[in-house]
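By letter and in written order, the chains are A, B, C, D, E and F; residue numbering begins at 1 in each of them.
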Amino acid sequence: MSLCPPGYGRFVQAETFTARYTGAEANVGVSLVHFGIEACAVSKVPEHEMGQACINYLRRFGVNTEHVVRGGDRLGLLYLETGASQRPSKVIYDRAHSSFAEARPDDFNWPAILKGKDWFHFSGTAPALGANIVAILHEALEAARALGVTVSCDCNYRSKLWSHDEASHTLGALFDLVDVFVGGREDAEKLFGIRGTEQEAAQGLRERFGFRCVAMTLREGVSASVNRLGGLLCDASGVYSSRSYEMQIVDRVGGGDAFTAGLIYGLLSDFGSQRTVDFAAAAACLKHSIPGDFNLASREEIEQLLAGDQSGRVQR
Amino acid sequence: MSLCPPGYGRFVQAETFTARYTGAEANVGVSLVHFGIEACAVSKVPEHEMGQACINYLRRFGVNTEHVVRGGDRLGLLYLETGASQRPSKVIYDRAHSSFAEARPDDFNWPAILKGKDWFHFSGTAPALGANIVAILHEALEAARALGVTVSCDCNYRSKLWSHDEASHTLGALFDLVDVFVGGREDAEKLFGIRGTEQEAAQGLRERFGFRCVAMTLREGVSASVNRLGGLLCDASGVYSSRSYEMQIVDRVGGGDAFTAGLIYGLLSDFGSQRTVDFAAAAACLKHSIPGDFNLASREEIEQLLAGDQSGRVQR
Amino acid sequence: MSLCPPGYGRFVQAETFTARYTGAEANVGVSLVHFGIEACAVSKVPEHEMGQACINYLRRFGVNTEHVVRGGDRLGLLYLETGASQRPSKVIYDRAHSSFAEARPDDFNWPAILKGKDWFHFSGTAPALGANIVAILHEALEAARALGVTVSCDCNYRSKLWSHDEASHTLGALFDLVDVFVGGREDAEKLFGIRGTEQEAAQGLRERFGFRCVAMTLREGVSASVNRLGGLLCDASGVYSSRSYEMQIVDRVGGGDAFTAGLIYGLLSDFGSQRTVDFAAAAACLKHSIPGDFNLASREEIEQLLAGDQSGRVQR
Amino acid sequence: MSLCPPGYGRFVQAETFTARYTGAEANVGVSLVHFGIEACAVSKVPEHEMGQACINYLRRFGVNTEHVVRGGDRLGLLYLETGASQRPSKVIYDRAHSSFAEARPDDFNWPAILKGKDWFHFSGTAPALGANIVAILHEALEAARALGVTVSCDCNYRSKLWSHDEASHTLGALFDLVDVFVGGREDAEKLFGIRGTEQEAAQGLRERFGFRCVAMTLREGVSASVNRLGGLLCDASGVYSSRSYEMQIVDRVGGGDAFTAGLIYGLLSDFGSQRTVDFAAAAACLKHSIPGDFNLASREEIEQLLAGDQSGRVQR
Amino acid sequence: MSLCPPGYGRFVQAETFTARYTGAEANVGVSLVHFGIEACAVSKVPEHEMGQACINYLRRFGVNTEHVVRGGDRLGLLYLETGASQRPSKVIYDRAHSSFAEARPDDFNWPAILKGKDWFHFSGTAPALGANIVAILHEALEAARALGVTVSCDCNYRSKLWSHDEASHTLGALFDLVDVFVGGREDAEKLFGIRGTEQEAAQGLRERFGFRCVAMTLREGVSASVNRLGGLLCDASGVYSSRSYEMQIVDRVGGGDAFTAGLIYGLLSDFGSQRTVDFAAAAACLKHSIPGDFNLASREEIEQLLAGDQSGRVQR
Amino acid sequence: MSLCPPGYGRFVQAETFTARYTGAEANVGVSLVHFGIEACAVSKVPEHEMGQACINYLRRFGVNTEHVVRGGDRLGLLYLETGASQRPSKVIYDRAHSSFAEARPDDFNWPAILKGKDWFHFSGTAPALGANIVAILHEALEAARALGVTVSCDCNYRSKLWSHDEASHTLGALFDLVDVFVGGREDAEKLFGIRGTEQEAAQGLRERFGFRCVAMTLREGVSASVNRLGGLLCDASGVYSSRSYEMQIVDRVGGGDAFTAGLIYGLLSDFGSQRTVDFAAAAACLKHSIPGDFNLASREEIEQLLAGDQSGRVQR
């Protein structure tokens, strides 16, 4: 659960908080549902009503929650203050000891969960929770490999969660079983010592870890209110980049997840590399205009932006 | 009634909707009231409390509602989602079978309604409702002509309401009795086959239909959050255009109606062509900074902007 | 108390008002508290619960309220409408006859209040209230001089409160006892007949009145939504100016007070002239991203902006 | 304007206030409009937008505002905290120096205002504002008498506004020109020394001052949340009392004004004494179920309650 | 979709409306989901986003929406004003021409929909929509009979939707295929001419139409804020009634549907007649304490009330 | 921090939560501040902004926070759903691993904290957090005894926090150093095996543990919306009980703390036993009419209730 002060209010000004029951993987799942892909969440939440509220939130936006296990002590929290202009957004994590952070490998029967599925996605914020989650992920990735399920990982390195060394070591050990990697130039350099431009970083990551494909958003922060954003994709056939969008930001959170969902959708749909990165970038762009973490944009809306209409003209 | 999700929320996120009891003609009327002109609404709403709420809303902002007839089955609806950045605003119409859509000619005694009035304005969205409304309009326009009341029409073509052909045919048949026309380059081309620049479109429309004057906003959509807007007016003495304003948009809806109200006010006040289009464009500009459909700006505020102050400096 | 319609709503649209219990001096005080400086408010509010609400508001944000006297008839009011784009913000004052406006010199024992303090700050909006407040200020300034307390004054000329002549005469008579003055080019010219650039105005004011230091914000209003802002400081060692920030404005009110607080903090901390004006300008910049009058930014956040990070990148 | 903390919140808890632009006479007027009677407000509000907001509020609910004069310095205020259970509601007045409090007799041309009208109503809270208002009222009452307009007065004694003696003296001097008086047992005793039961008080008042009719609500406060309420009317034909209603209170304010409006309506409609007091009491009862000061109940709804249906059964 | 003014506000006071995407059958379904029973909605909503919002709302609370057909013109509406004390709640229907009201028999493949299901429930408000819905229901009921699916019908007679005669005729023609009927004393008398006490009405209905079981709530309206409620069940073994609860009403809507859901749950779970009616009445009681149409109470919470704890003691 | 769904909404319905930074001891402290007693909070909250928000909340309502230590990982949470009618309020605790739950004895220098103080109060919910808190309390109580500071303890047994045995053992070991005990009949029986009426329980507790005084609220829950509440006090001079109030509950939380604060105030003020319990019960009664945990009632308001006025008559 994310708890956000209303509007651009600071933590110390808030008398109410808006609750969002989200997370990097859930955000990707909801996007995919809006493209017509079935998505299942795999997680663990408490038995009590706040756990149920979390399930209801995902269910509302179409995610299948039958593999969300119930149990444990608490719902993981994150306080999120929305920045503006020169003031950055700020996150305070309160995830330790959550039901998911203390999940055990036997909570999840991966061969059963992944049977008949096409794709498994996880975020680098999950293994940051501890060795038990890393062990769970290893089981998941092995089951995926055995069943021919494609695996994607979004690096999502967060300095408030772990050090560069911890992340590098833990994530690196999972990469043998990862097909598609989403991570940026800074991740490449600080976690894996791969220096250079975005293109070079993508190529370097791909070569180092043997990923089928590496992708990333190219984001330029004019301020917390205005960003420019495009995408880059590197696969065996070369490096592809999308156009860049200058965005007036409504909600920046979930932008990367929307990109990842667009990427997965393009790859699942055999869009080809150029169209895939274009679609992913346009999806990420639209996300920034929608409050909340979820990219509630349809494929048609993204296609419309891809077709060049950025005028925001009223549809009536 | 327009029902709008709060803020930039999407339809599927809304738990509450803000209600606005508006419409193109009502918006023009409220603007005129704020310039000191008496304005009467002519419409039909149900007997029940939701119809009364509609009347109260207009009354609150000073529109005379004595000619709003009560009866019929339902209040016409419109769902409005506010866009931002690259995401356009979206309208879902639910106007069919409304009290007004099913009004009959004998609901309105036009000679009595128009007696002593100076101006009659209608929007092209009204005749899109059906033949009964077209018949009502014909009666109104004939009464207006007989009483020497100036008639203006804002094209307001909406592709979700009718086809280009229907609109062209229906509106065209009314134009003999229209003095002042507001419509854009795209309307000129798609409805009436008049191609060319905005200036050429205005001149072409004026010549084709014998309007006393044709006016239009010149809008450039940088995004749903930023637009540039100016105005153009074409009459017997030539073509006049205003300066262009770059606007951070608070609420885009009603911008055209604010322009039309400024135009009518300028024409009624014998401002002269250049000052009329300048006033209309400045009025439209200010509207975009005000939430809701209504341009709640006074003549003084518009004059101040016309005088060149765009700095937004606090008035204290 | 400021009463503000929600969002960008106009006065005539509001059904609710947000209450802020603020004021120029209180705003400076809250900023200083957030930099780790103890700040005391000296004022007078009614005995009743609305007076208590005012005290609680300051107390919440850390201001010491032990010198706020209770009594008198009413709480001073100010209605504040937030502008956007080309529409300016608007203030309606309702301060006459307030407890503070009718305070008497014997309400405040300045030698006791100022004992052990380092700094006394007042805004030019206070003496605009009447001769009794001017008399109170004279007592305060004399006590400050006697105790070696530095005195700063922010001109804050408001044309709705008094004429240029009244302000010039009244403020001028206090300047002998003022060490640090905050006021702009327009104030210099219209109140004191000092013409020229901002630099020349600052130097002219400093020379004319013998201030230790004169400072001002340099604000360029692109619109009510976008401003550019920097700062300038003039003291015995020369004239110093900061970089300029282009800001997407969340709340413009209190920007000048945040600058003044940054200035006082820099001077109290012996930052040196350049770093002082840089700090003050960065403080003012961040204020514009925070709703309400108060600059709830910490010293660390301001330093981070000073260090060059304007990207608004999420801190997580 | 009344400013109310949301819900049952106390003044010191409020961050927002709900604004109601009401008053005893306005409340009576709105009720009468809902019974189909035209009602005009006569008052004075500032030129600025908050004065306009006040006019719009009345206009919204159908009151004719053409006789509301513009000018003066400020809008009168009243802070209102809503009580519950054993905690009473609380009012803080801030009416002094308002536009109306400082109105002058030449602001109102009573013969023109009252021409063609049937009834003039005023509340005892108005003359509490000062000698100028008393003078204005004398002019109004004399014009009313001259034009054959019936005059009613609701005592509305408020101990926070004036003493018993002041009220007794000032109101008593107006009673020669008052036809219908609304006031309670406590008023009779404390202002006019008339002791006894409610019936005796009504009879005593009627005899002493020669009123055509005296009426009052009979209210028993179980708590701030539950009240019992009935009505009593005393005229030349005797004393009549209504049944008593046990009410779960949504909003207690305006209950007496709703009674007065029902009384005026009954007298204007020649309901007869019994039906008049029954109607007035049922109107007052329904008011307590409606948020705000205004009794937005129709004649039909009151008749339905009079007919005996208190079950609150959903109408569908 | 129900549109409700906030709190106890009247229609003409509302600036925002709370949206609930509910309906008698949906309400029953959500209750059953909270008892651990899978429930599927069968309906038709528009393709557009407001139709999707409706689906999301049901999905959030666990109802399976795979049989909700998409298409048609509009979402059915209902405006709902919440009553209090002596003021009844009020409903304004705007259901005509909705997607569901204009559904066609071939929109639903009943044998496929009902296959493997245990129970089919419909409300009497559905056939009131028109002959097409009656035809759809006939098909559904025949399929149910063929597949051995139990059928229940809640009379839900609404005088604003159809006359007693229409309802009697249309519903009566469906009763051959109905096993369990929910309807009150007044329905029995006014629709079917069966007079007498509640017990006699239930027995009379059961005998007349050969229902397996007839049940009803016994509601006594002290006011819109306080009701007393119990239940009665009549089957082959006799007539059973529950205890009666005195309720402070938070939201009265959906109370009957909660009773019906409790009844279905008891019958499905072979609770026996007495425990079934007790459970249904306790379920209905708890519903009145929950805002919205849905009874979001768990089986455990209902059991706790059945066990006698009405004290409302905090669970901590 | 307590997180509460708005109004009577259930956890699964909430999209926003109201935040209260409260706790049993803080609630007592705020009450005492409103009676004119200085109160200091002793606790530990995180360094981050949510910890600061907690401090600001207490500071706003006048509690001295200089002894609130900063550090640790997280802010303790509690989810609170407000019940109504037959539905009880519900609490979900998420306090484990909070900054306070993991505080260490050396975080608090009790002799310094308690120097010059008159009273130390703690709630039985604190030692339920773990052995470290018990150790901290022992140090506090010993310091209090050494300095002659009176010690009170409110049992506040919560079955969701610990078992009867744990509570009995841990609390019992502290009782030697406790002077005033607040606890009910059920606590006496279930924790300490003392059976009998409330009077007997109070006397039994007092004798068993040698308390100077034992007090308790006598609460009868008609429903979650209506309670009856009085108080009982047992000291060396006998057993005293107050009158009982029937309350329409606005917010039940903090009722016991308001009683305890009234008790402490009465004992500190030498009210005598009867007046002390009367004052404490009236304070608790008023609390139930105020939203939030804090009893924001003044001594004057409580005296007014004590004087017999329960009518809730508007104060104006």
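Everything that follows uses one rule, which is that a contact is a pair of C-beta atoms (placed from the backbone, for glycine too) under 8 Å apart; a residue touches a chain by one contact, two chains touch by 3 or more.
What you are looking at is a predicted structure, and each value in this text was computed from that prediction instead of being measured.
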Seminar exercise, completed: Matching interface for D-E, options C-F, A-B or C-D, criterion over half of contact pairs identical, gives A-B
For this session: For the pairs C-F and C-D, output the one whose chains share more C-beta pairs in contact.
Result: C-D
Exercise. Between chain A and chain E, what is the separation of their C-alpha centroids in Å?
Worked result: 41
For this session: Report the inter-chain centroid distance for chain E and chain F in whole angstrom, where each centroid is the mean of the CA atoms.
Result: 44
Exercise. Which integer distance in Å separates the CA centroid of chain B from that of chain F?
Worked result: 61
Exercise. Which positions in chain C touch two or more other chains at once?
Worked result: 10, 12, 15, 56, 61, 90
Seminar exercise, completed: Listed by label, touching pairs are A-B, A-C, A-E, A-F, B-C, B-D, B-E, C-D, C-F, D-E, D-F, E-F
Problem set entry | Contacting residues of chain C [partner chain A, same complex] | 61, 245-250, 285-286, 288-292, 296-297, 301, 305, 309-316
For this session: Would you tell me which residues of chain E are touching chain D in their complex?
Result: 7-10, 12-13, 83-91, 93, 158-160, 220-227, 252-253
Exercise. Within the complex, which stretch of chain F touches chain C?
Worked result: 56-57, 59-62
Exercise. Chain D touches which residues of chain C in the complex?
Worked result: 3, 6, 10-12, 14-19, 48-50, 52-53, 56, 73-75, 77, 79, 81, 90, 92, 94, 96-97
